[in-house]
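For clarity, chains are labelled A, B, C and D in written order, and residue numbers in each chain start from 1.
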C-alpha cells in the first residue's frame, strides 16, 4: 500500500509541475495585459497606430513606426537569408562532397549557437562603421537587416537541408530516369518536395528575427521613424522596450507593455501559420 | 472596474502563495543562506537613477564603503525619471536626479550634491568650433543637415538624441526651445556614455551630454570636442561662476526624511571632503 | 557553380565573423582578466564578479527549471501520454511558450519578479525569468529521452509486477539520464546567451554579488554594456565575448557527447 | 487478497462473456474459456483474431492501454480479476507473461533477475542468489551465463534472451505463465530449446501460449483454443483437448483452419 502512496505522490508532484509549466504562458499573457490595462482603458487603442509620434511622456503613443521597423527588419532579413539559406542547403545536399557538406553543416550549427549580443557587438564595431563610409550614420535598417540575416541564416539553411534530406530518394531517382538534369532535379523535384520543411524553417527564422532584441538595439540607431531608405535608422518594438523599460513610469510603462502585447500577437500569428502548414503536411 | 478590483484581489492571494512558496524554496538555497544577516536593508543601500549622477555616486559610494565596511552601496542607472520612480516605490533607498524636482514631485526630499552643465560635443577632427543657439536648433530640427552649411566638411550630420525620460533631454529642449516631436535624430541613445561613444566613433556626429561625463572622457584621451554654448566655454570656471547657460543640480532624493545609513550617506556626499572627488569628475561642487 | 560560389562566399564571411571575435578577443584573455574586479566601468580590470553573477543566475535558473521541467516531462511522457486533456493543454502551452521572444520574458520578469513580488533587480529575478524561458526546451529534451524507452520494456516490466514507481526509478530514469543532461546543457546554453530578458530583471551592477537578492551583471549583459555604453570598452567587450563563446562551445560539445553516448547505450541495450 | 485461501477448483482461469474494446472498437466478443490448472493450453488462430489481446486481459496489462475497456468477468483461481480490491502488482507476480520479442532490460543479467525479486520484497542477497540460480538452471541457461552474470543482458543471443525473460518471470514463482508467441522471433534451435523448456514446466505451472505455429501447438499443448476474426472482432470458436481439436473438431471453421484451407 505504501508503494501506491509513493506512486500517488509522484503523480501528484508531476501533475503539479506540469500545471506550473502550463500556467507560465497564461501568466505572461495575463501580466502583459494587466500592466497594459490602465492605458488601454484610458485611451482609444487605435491611437497606438494613429498617433503621429512616440512621445510617451507627452501623451503620444504612436507605435506604428516601431511596428513598421520590426516588420521591415524581419522582411529584409528574410529576403537576404532565405535564398542564401536554400542555396546553402542545396550545396550541402547535392553539390558538396560528403566531408565538406558535413563540415559546412557543423559550421552552420556552430554559428546558430552564437549569442545575439555577440552578433550585435560585431555589427556595432565592424559592420556599422563600414556602412557609415557609404552613407552615415551607419547604424541603420541595413545594418540590422544584414546582421539579423547572418543570424538566422543557419536556422534556415539547416532546416532546409533537413527537409531536403527527407525527400524520398525514389523521387530523385525517378526524375533522373526521366532524363532530368541535376539542376532540374534540384529545382524541379527536390525543392518543391521539401517545400513545407523549408517554409517552416523560414517562419522559424522570421520568428527569431522579429523577436530579436539585442542586435537591433545595438545596430539600428533606435530612431522612431518609418525609414525612407535602408540607410535610415529605425527602432523596433523589441528595441523600444529594451531601451525605455528601465526607467519608464505609469502610462509610459503601460505603453511599453502594450508594445509587448503587440509583439506577442505577431509572434503567435507566426506560430499559427507554421502550425497550419504542418497540419496540412500531415493531412497529405 | 469591478473586474479589475476582483482580479487584483485574486492576484493578491496568488501573490501571497507564490511569495510563500518562493521563500520556502529560497530557504533551501545555500547561496542565500550565506546572506542570513538579520536585516539586509541595514547594510545595503540602493541608488538608482540619472546616468549623469551615477559615476559620481559610485565614486562617493566607493569611499563611503571604505569607511563603513558593513555597508554595501549599489548604484544603477536608468535616467532621472527612474530615480524618482524607484525612490517613490521604495525600490531604491536613494534616487539620483539630475534636475530640479517638478511640482508633482515635491513630496520627495531633495539633496543637491553638485552641479553640472550640458553641452554639445562633436568629434575632435570636426573643424566646426562653435554653433549659435539657432544653428543648434536647426541641426536638431533637421533643417541644417550637412556640416558644409556650417563651414565644415561636406558630410551629412549624424544627430544624436537622448531617449525620452532623461532629464538631459528635457533641459536641452527647454533651453533651445525645441519640441521633442520636431527633433529629427539619426541615433537615439540612453546613457551619456553612449552618446560620447557614438561621437567618438563617428567624425560627423553631434550630441549633447553632461559636461562632467564629456570632460572626463575627453581627459581620458577620447577624440571628442566640447563646444561652447551661446559662446560660453564649458570650463569649470564658467560653470562655477554660473555664467554657463545650461546648469542643473545633481540631486539625491528620498521618500522619507533620511535616517540611518541613508542619512549618513547623504551627509557624506555633501561633506567638504567630497569636493575633490566631485571636481575629479568635472562636476561643480556646491558653494559653501 | 552558383551554389558552390555562394557557399564559399558565405563560409568566408562566417570565418571572418568568428575570426574577428576570436582574434580581437584572445589578446585580452589573461588570468587577471578572469580574476579581477572591473575597474573604470569595465575598461580595465577583469570580469570576476560578472562570472560569479552569471553562475549564480544560471544556478537559480536550473535550480528552478530542472525540478519543474523534470516533473512536467515525466507527467507528459509517463502519466498523460499526451492523451489527457491536461497533458494536451500543457503541451500546447509549452509550444507557445517556446516561441515567445525573450524581451517578453524580460517584461514579464520585470512585472512579476522585480515589482509584484518585490525582488527588485536581483539575481533571483533574473534567474527565475530565465527559468521560465528555458522550460520548454528542457521539457522537450527530457520528454524525448523518457519516450525513447520502448513500450515493450514498459509492458514487460509491468508484466513482472513492477510498480510504476519502480519502473520509473529503475528503468526509465536511468535510461533518460543522458537526455536529462542534454536538456540541462541546452537550457544552460540558452540561458547563458540571453541578454534582453536580463537587462531589467537582474540589472547590471558589476560588483561581486553577496546574495541572490543583489543585482548581478551577466556576461552577456556585460558585453552589451561595454559595447554600447562604455567609450573605449570594445577591447574588453571582445575579450568577454571570447569567454562567452568558449563557454558556449564547451557546453555544445558536452551536449553532443551526451547525445552520442545516449545513442550508443540505447543500441547496446537492445 | 489474503482473506483465507480461495477454494481451488479445476480451472486456473475462467472467462465469462469477456468483451474487450479499444476506445469504441470491439476487439474481443463474448469469450467464454476455461483453462485447466497445470496444463499447457495453446491459443491458435489467424492474425487479428484477438489472441494477444486476450492474453493481456489475463494479467490486466490492458490497464496500461489508456483506451482499453473490459467487460464480462475473468476469474483467476476463482477470484474476480476486476474486483475493486485487486492488487495488480501482486496479480502480475502470480500471472507471468513472456512476449513475442525478448525484452531484457538494458542492464546486467544479474540485475535483470534481481530487480523484480527485490521489488517483490526479497531483499536478502543469499536468497536472491539461490533463486536466480534455481530458475536459470530450470531454463537451462545457468551453465551458459554463470560466469558472466554481470555482463549486459543485451549481449546474449535471441534464444538466450528469451530464456532469460522466462527465468525472470519464473523467479517470482508465478502460478500461471502467459506466453505470446515466444518462439516467433527465434531460430529453430532456440525454438526447440524453449519448447522442451515448456514441456519441463508442465504440471508445475499453468501455461497459456499463443502461437501461429500449428505444429508447435500440437507438439506442446494439452488443450487448444481456436480464435477467429469475425468482421474485425476476435471470437472464440471452440476449445478442446489438443488431439480432439486437431483430429475431430466440432466446428467446420476449425477443421478448415487446422487443415490449412483458410487463414
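The rule we apply is simple: a residue touches a chain if its C-beta (ideal position, glycine included) is under 8 Å from a C-beta of that chain, and two chains touch if they have at least 3 such contacts.
The shown structure was predicted, so the numbers you read here are calculated from the model rather than taken from an experiment.
Participant: Going by the contact rule set out at the top, which chains touch both chain C and chain D?
Facilitator: Joint contacts: the list comes back empty.
Participant: Which pair, A-B or A-C, has more C-beta contacts?
Facilitator: Spelling it out, more C-beta pairs touch across A-C than across the other pair.
Participant: Computing the C-alpha centre of each chain, which chain sits at the greatest distance from chain B?
Facilitator: Result for max centroid distance from chain B is chain D.
Participant: Which whole number of Å gives the spacing of the CA centres of chain A and chain D?
Facilitator: 55
Participant: Just how far, in Å, is the C-alpha centre of chain B from the one of chain A?
Facilitator: 34
Participant: Can you check how far apart chain A and chain C are, centre to centre, with Cα atoms defining each centre and the answer in Å?
Facilitator: A distance of 19 Å separates the two centres.
Participant: Rounded to the nearest whole Å, what is the centre-to-centre distance of chain B and chain D, using the mean of the C-alpha atoms as each centre?
Facilitator: Chain centroid spacing, chain B to chain D, equals 80 Å.
Participant: Please set out, as single numbers or ranges, the residues of chain B touching at least two other chains.
Facilitator: 11, 190
Participant: Any chance you could list the residues of chain A touching two or more other chains?
Facilitator: Each of 3, 34, 246 in chain A touches at least two other chains.
Participant: Among the residues of chain D, pick out those that touch two or more other chains and give their numbers.
Facilitator: In chain D, 89 touch at least two other chains.
Participant: In graph terms, with chains as vertices and touches as edges, which category applies: line, ring, star, complete, or other?
Facilitator: Shape = other; not a path, cycle, star or full graph.
Participant: What are all the touching pairs of chains?
Facilitator: Contacting pairs: A-B, A-C, B-C, C-D.
Participant: Report the residues of chain A in contact with chain B in the complex, numbered from low to high.
Facilitator: 34, 37, 52-58, 60, 129, 132, 135-139, 221-224, 233, 235, 243-244, 246-249, 252
Participant: Would you pull the chain B residues touching chain C in the complex into a rising list?
Facilitator: The contact residues of chain B facing chain C are 11, 15, 18-19, 22, 25-26, 29, 31-32, 34-35, 40, 44, 46, 55, 72, 74-76, 89, 91, 190-191, 193-194, 196-197, 200, 217, 220, 222.
Participant: Enumerate the contact residues on chain C facing chain A in the complex.
Facilitator: 2-4, 6-7, 10-11, 13-14, 17-18, 20-21, 67-72, 74-76, 78-80, 86-87, 89-90, 93-97, 99-108, 110-112, 116, 132, 135, 139, 163-166, 168, 189, 192-196, 199-200, 220-221, 223-224, 227-228, 234, 237-238, 241, 244-245, 248-249, 252
Participant: Any idea which chain B residues touch chain A in the complex?
Facilitator: Contacts found on chain B: 4, 7, 11, 77-82, 84-85, 155-156, 158, 161, 163-166, 180-181, 185-190, 201-202, 204-205.
Participant: In their shared complex, at which residues does chain C touch chain D?
Facilitator: Listed in rising order, the residues of chain C that touch chain D are 81, 83, 152-163, 166, 170-171, 174-175, 265-266, 268-270.
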